[in-house]
Amino acid sequence: MIDWLALSVALPLLGAVATVALPRFAVPLGLAAALPTVWAALMVMVLVADQGVQVSALGGWGAPLGILLRADGLAAALLGMANLVALAVSLYAPGYFRGSVLEARFWPLWMLLWAALNGLFLAGDLFNLYVTLELLGLAAAGLGALTGQRAAVEANLRYLLVGLLGSMTYLLGVSLIYTALGTLDLEQAARELRAGPVAWVSFALMTGGLILKSALFPMHFWLPPAHANAPAPVSAALSALVVKAAFYLVLRLWLELFGPVVGASAALLLGLLGAAAVIWGAWRALRAERLKLLAAYSTVAQLGYLFLFFPLLAELPAGTARTELLGAAVLLALTHGFAKASLFLCAGLLQKAAGHDRIDELSAATQALPVVTLGVALAGVALIGLPPSGTFTAKWMLLTAAIDLGQWPWVPVIMAGTLLAAAYVFRVLGHAFASAPRHGDAPPIDPRGCPGANAIGLALQLPGLMLALVAVLALGMTAEPLWDLLASTTDPSEAAP
Amino acid sequence: MSALLLALDGLLSISVVALAWATVTRREPRQAVILFIAFGLLLALVWARLRAPDVALAEAAIGAGLGGALMLAAARRALIQRDAAPSPAPPEEAGR
Amino acid sequence: MILDAWLPAAIVLSSLLPGLLIFLLREDRQLLRTGLNMLGALVKLALVGWLIWGVYEGRVFESRLTLAPGLDLVFSADALSVLFVTLSTVLWLVTTIYAIGYLEHSPNRSRFFGFFSLCVSATVGLALAGNLFTFVVFYEVLTLATYPLVAHRGTPDAIKGARVYLAYTLAGGTLLLVGAAWLHALAGPVTFTQGGMLGGLVDDHPVQLTLVFLLLLGGLGVKAALVPLHGWLPQAMVAPAPVSALLHAVAVVKAGAFGILRVVYDVYGVTVAESMGVLGLLAVLASVTIVYGSIRALSQDGLKKRLAYSTVSQVSYIALGASVFGPIATIGGVVHLVHQGIMKITLFFCAGNYAETLGVDRVSEMDGVGRRMPLTTLAFTAGALGMIGVPPAAGFVSKWYLGLGAAEAGSDWVLLILVTSSLLNAAYFFPILFRAWFREPPARWPDEHIPAARLETSAPLLWPPVVTAVLSLAAGLFAASPVSPLEWAELIARREYGL
Amino acid sequence: MTAHLIYAAAGLALVVLGAWSFLVHAPLLRKLVALNVMGAGVFHLLISVGYRGLDAPPDPVPHALVLTGIVVAVSATALAVAFGQRLEGSAGEQDRD
Amino acid sequence: MKRREAAITALVLVLSVVLAWAFWNAFSGPTGDRLAELTATRVPESGVTNPVTAVLLNFRAYDTLLELAVLLAAILGIWAVGKASPGFLPAGAVLRALVGLIVPLLIIAGGYMLWVGGHAPGGAFQAGALLGAAGVTLRLAGYPAAGLPPEALLRVTIGLGVLIFTLCGVALMALGYGFLTYPLDLAKWLILVIETAATLSIGATLAAAYLGGRADPTDSGDGVTR
């Protein structure tokens, strides 16, 4: 009997211990743990697709005494995305860190972060979620401060403190649920929670705590410096996965636990915050001077889009239309995960080649590394939401739903967000074309004036490009099975007549 | 008996909160941390009263003990540094 | 037949796949790159031939890919799409040859031809789009694929032009997206249907559908360069000549005009659109654009700029044809989609030849070019006369049908527009022709690259304009033959009006 | 039986005190102390939820949760202290870019 | 600044009222027992008699495993950021003399705590904390390494808890019991093994955390990504 759910968490934990114990062999040991972890996660996805929701009662006790791991379609989709992104990061990291003291420090924390992510996606227990959140937060802070540089440490100290406040708030909400319902199991709690002060306040506490962690506007202030100052593979993981994990939890709790009992005004509030995030994040990204800072602000904006789905989901009765829209939300989250990871991985290489990541001085680097630039371009297409990326499909469905439900105010927000995103993406891409002219008198730019570029092999460039291709082509053109997968999402309001 | 116990509970609760108040309002970091340690130990005592001896032990040893020791060391370092440098070090702006 | 389901997709892929391969080529693999380019163009031509034959036989071609529940990418072929696909495929072949001659010694060729192929793939994709969603997808992809071509030279001017292009087209794309999504929310998946697909919906949501029409028109009008959304087109003139040809004749501007035809005829249906009163607005916009473009063209000394404003004016004939109710005007508009393409591409090829061969890029420098480059100038003359509408050139046929249709619909003021525009056309083209043929050439050309040998310029630059000029003359002379664009346009008009 | 309510109220008071102090006080150590007080409040609350009077054995589940929580809190505190120390150590030092 | 503080104070006061209201509702709900009775009936199947240990190391063992991982993450993060700097005042002679007495006592008490945890208050965390306290005491007395083993061994020790815990889980799964599902006859011993490993890890980690600084074989003190 192989418990793939438990293995998705256990394998990276073993990898972490191994890389702690034998730092000299961190890379081979880390990769040796990474590959089976990805395999286990993909097996979970396959099982969910084939057989529906997968449950593993750890310790054999079952709820409410023991802890359940549970994988439904939603969990499986995010698990699959996270592990593929993590695989790309793992393949990229050795080349990126080669010869640096950071290599041995990176791997154990990275494997712990990975374990936390998988644990979080699969958790079916409210307190266990708290532990995975803390593991995620501490591992992320450690990774973010990996270089020990002042700016990085400062940003991550702030992240750590905000994260702690968030998880304490979350834990208070969990205590409230336990006090009222006497269970920590998510599904049981969902069955027993009724509309009332307990539901409202625990929703506010848990979601509020998670919003701090998922950097939803106006709680986003910690994110850009923390993500922009980390080493590129870490930024990729933080921006693509860690904040996404917090969003996933908000969505999951809302769908299963709170959606039916807290009413539409709470969802509307989430939507409003999301709208503000879309505009503010995109605006700041446009004004950013550094590529990684731009990418980090773009994360703030993209998270905003995800929260726009809440008021729409809240208004739809359970059924096909709602599942379709939920699929769009998940598609958006997945596409952003791949695209943002790709953008950070590519930005890291441009930074390596140019020695800096100031956008206005990146012409030589973008032209010396065309594969990387292609990766940036494709990731950019996905971030803007142009076809054929998955974002486009998702945005189309978001727009249609908003219009269909008469929630007009979101439409200009989406339009403005899209145009601002286009502006900041093409601010970067324009530099890829500025070159020595045949006519005219612009100063020629010599791609060879970028000595760092030669040291960057194709193997280091491919992970970023692959992720971008997934975001643009795979999720844009062949995303339909996602909705079949999500059909096995637990939605109690759907089960109840 | 019950009333007496209740009075004791009330008294304990009030002292815990009062001690916490003293802890969070103390400006001088070292004293704040020392108060925090005392607060933790008192809390451990209360938890023992609430029939949670395992947790009481853990709080005394880990929460108040090691956590306190860690923060105390940090407070001392801050003190040493401030004394060493005549111009005050920039404040540790951790929040916003 | 299973192949029928693949044919439309295969037509799109026939330029897409070579394009992707070209990206991977090293700069010096000239032979392989040219081979791939030509292979793609010829395969596409063959497939389109098969498609025409099949549509003529009455077969149904449809490729479908489901992206999400209720969201399908559909390629299918009807008379209108076949017309546009044929136009772009033929002109692409010619433009590719021209581009090879024009760019073979400049840097970043793999990048250029890769995006060139993407651009045509997107155009063919939107031509074959079977529903509005697919159209929007390829409309946006076209924007993306064209940006690098406009920016290709990398000069500050080029980067700026590309940025302006992008700002206009992406903003337009967003309007189109919202309009399309709105329509989708009202009517479900919007499949292009001859005679329109709205049915009785207009009675339920007259205001919403009018707003949707305005949004769609706003989105499409940017690419179709309707005033006041035309600002990008003159700025984009910094691009190399083959790109200008692509923008003005094969792909971008055409995509906008084609989209307007689609929306009027196959989404709303011309009868419904007429009853909603939105056609009048379109007519006014188109007329203003026609006159404004011509007036601006008068004062341009840069040859390509003058041609660009001419495009602004000429493309709106297509919209004008769509806006006048009645089959005859429709024929005029639809056939102008083809005629304007052939004539304008000829003019741009010639302009490129003057610049490449002699360094001549201003009207004031064109004295006597007819003697130095007689074949090119003959082609230019054919195109210019066609634009003015001198019989029996292709442009005359378009204008004739437009005028006849307007008279039939009782819109006499349209006749006035046509006459004014033709006079203005003459006013900005005749001076060029006069200079070229009747003035003395200067002692030295501004920047002579290619010396006159057996041919007046290099072969791949010379033959494409000659071929397209001949085509444009043929389209006018043999308008009555059964395989002419005019005949095909009549077929479309009959179907749209259910005659 | 109201003892647990008294203690729960104290727990809430601690939470609120901690949260307030975290929000209004800027220095790192004060923030850390505040977070720890807030955490202690949550833990205290959980312990009082588990308390079922002098006669009945208490609910061990909240106790176990609190034990876990204490270790997590101390881990986070240690990490934050280390980060703070790194910042002090480089207060005057030029940063490498 | 004052205005902001006042706003926060007001906000927090509102929050406290809301919290009190919600918790009042929660306490007055129907589930007074919560999991107490259920746990009590199942403790005999857990292999230990101390209910808290039963929850921590059997019913909710997975939580505890992840908690050890949190501890590991913390120490790795600490090692990532910087060197230790003197954070203590040099110990006097009296303390030095006392250390010889206190440290062995702490270690013995730790061992006892660990053993007794199965049936009485105590267990891995308390025991680990005592070991950690021994380390802190040594450090305060001026032993720079705080009694911790050398680098290579220390790295193994801090990971030991997670390692043994996870290996037990996976091995049990491979044997067909399920992840972290102890067969009843082995439960007691498995828990003891896991707790022993966890105690060592916790003790070493806490002491190392107090030490701060960096256990990094290739440490150059410079973290530039080149």
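Letters are used for the chains, namely A, B, C, D and E, taken in the order the chains are written, and counting of residues starts over at 1 for each.
The working rule: contacts are C-beta pairs under 8 Å (C-beta built on N, C-alpha and C of every residue); 3 or more make two chains touch, one makes a residue touch a chain.
Note that the coordinates shown come from a computational prediction; the quantities given were computed from them, not determined experimentally.
K.L.:
Measuring between Cα centroids, which chain is at the maximum distance from chain E?
P.N.:
Relative to chain E, the chain with the farthest C-alpha centre is C.
K.L.:
Measuring centre to centre, with centres taken as mean CA positions, what chain is farthest from chain D?
P.N.:
C
K.L.:
Looking at D-E and B-D, which one has the bigger number of contacting C-beta pairs?
P.N.:
B-D
K.L.:
Taking the mean of each chain's Cα atoms, which chain ends up nearest the overall Cα mean?
P.N.:
Measuring from the global C-alpha mean, the nearest chain centre belongs to A.
K.L.:
How many angstrom lie between the CA centroids of chain B and chain E, rounded to a whole number?
P.N.:
19
K.L.:
So the centre of each chain is just the mean of its C-alpha atoms; given that, what is the distance between chain C and chain D in Å?
P.N.:
A distance of 68 Å separates the two centres.
K.L.:
Report, in whole Å, the distance between the mean C-alpha point of chain A and the mean C-alpha point of chain C.
P.N.:
Distance between chain centres: 42 Å.
K.L.:
At what distance in angstrom does the C-alpha mean of chain D lie from that of chain A?
P.N.:
For chain A versus chain D, the centre distance works out to 28 Å.
K.L.:
Could you tell me which residues belong to chain D and also touch two or more other chains?
P.N.:
4, 9, 13, 15, 18-20, 22-23, 28, 31-32, 45, 49-50, 57-58, 61, 63, 65, 67-68, 70-72, 74-76, 78-79, 81, 83-87, 96, in rising order.
K.L.:
Identify all positions of chain A at which a residue touches two or more other chains, and write them in rising order.
P.N.:
127, 131, 134, 138, 141-142, 145, 148-149, 153, 157, 161, 172, 178-179
K.L.:
Okay, in this complex, where on chain E does chain D touch?
P.N.:
4-5, 8-9, 12-13, 15-16, 19-20, 23, 27, 32-36, 39-40, 51-52, 54-56, 59-60, 63-64, 67, 70-71, 73-75, 77-78, 81-83, 85, 87, 125, 202, 206, 209-210, 212, 222, 224
K.L.:
List the residues on chain E that touch chain B in their complex, please.
P.N.:
50, 52-53, 85-89, 113, 121-123, 125-126, 129-130, 132-133, 136, 206, 209-210
K.L.:
Using the touch rule from the top, collect the residues of chain A that touch chain C in their complex.
P.N.:
320, 324, 327-328, 331, 370, 374, 381, 386-388, 392-393, 395-397, 399-401, 403-404, 411, 415, 418-419, 422-423, 426, 430, 433-440, 442, 476-477, 479-480, 483
K.L.:
Name, in rising order, each residue of chain E that touches chain A in their complex.
P.N.:
18-19, 21-23, 25-27, 29, 31, 33-35, 38-39, 42, 58-63, 65-67, 69-70, 72-74, 76-77, 79-82, 155-156, 158-159, 162-163, 166-167, 169-170, 173, 176-182, 216-220, 222-226
K.L.:
Which chain D residues qualify as touching chain A in the complex?
P.N.:
The touching residues are 15, 18-19, 22, 28, 31-32, 35, 38-39, 42, 45-46, 49, 61-62, 65, 68-69, 72, 75-76, 79-80, 83-84, 86-87, 90, 93, 95-97.
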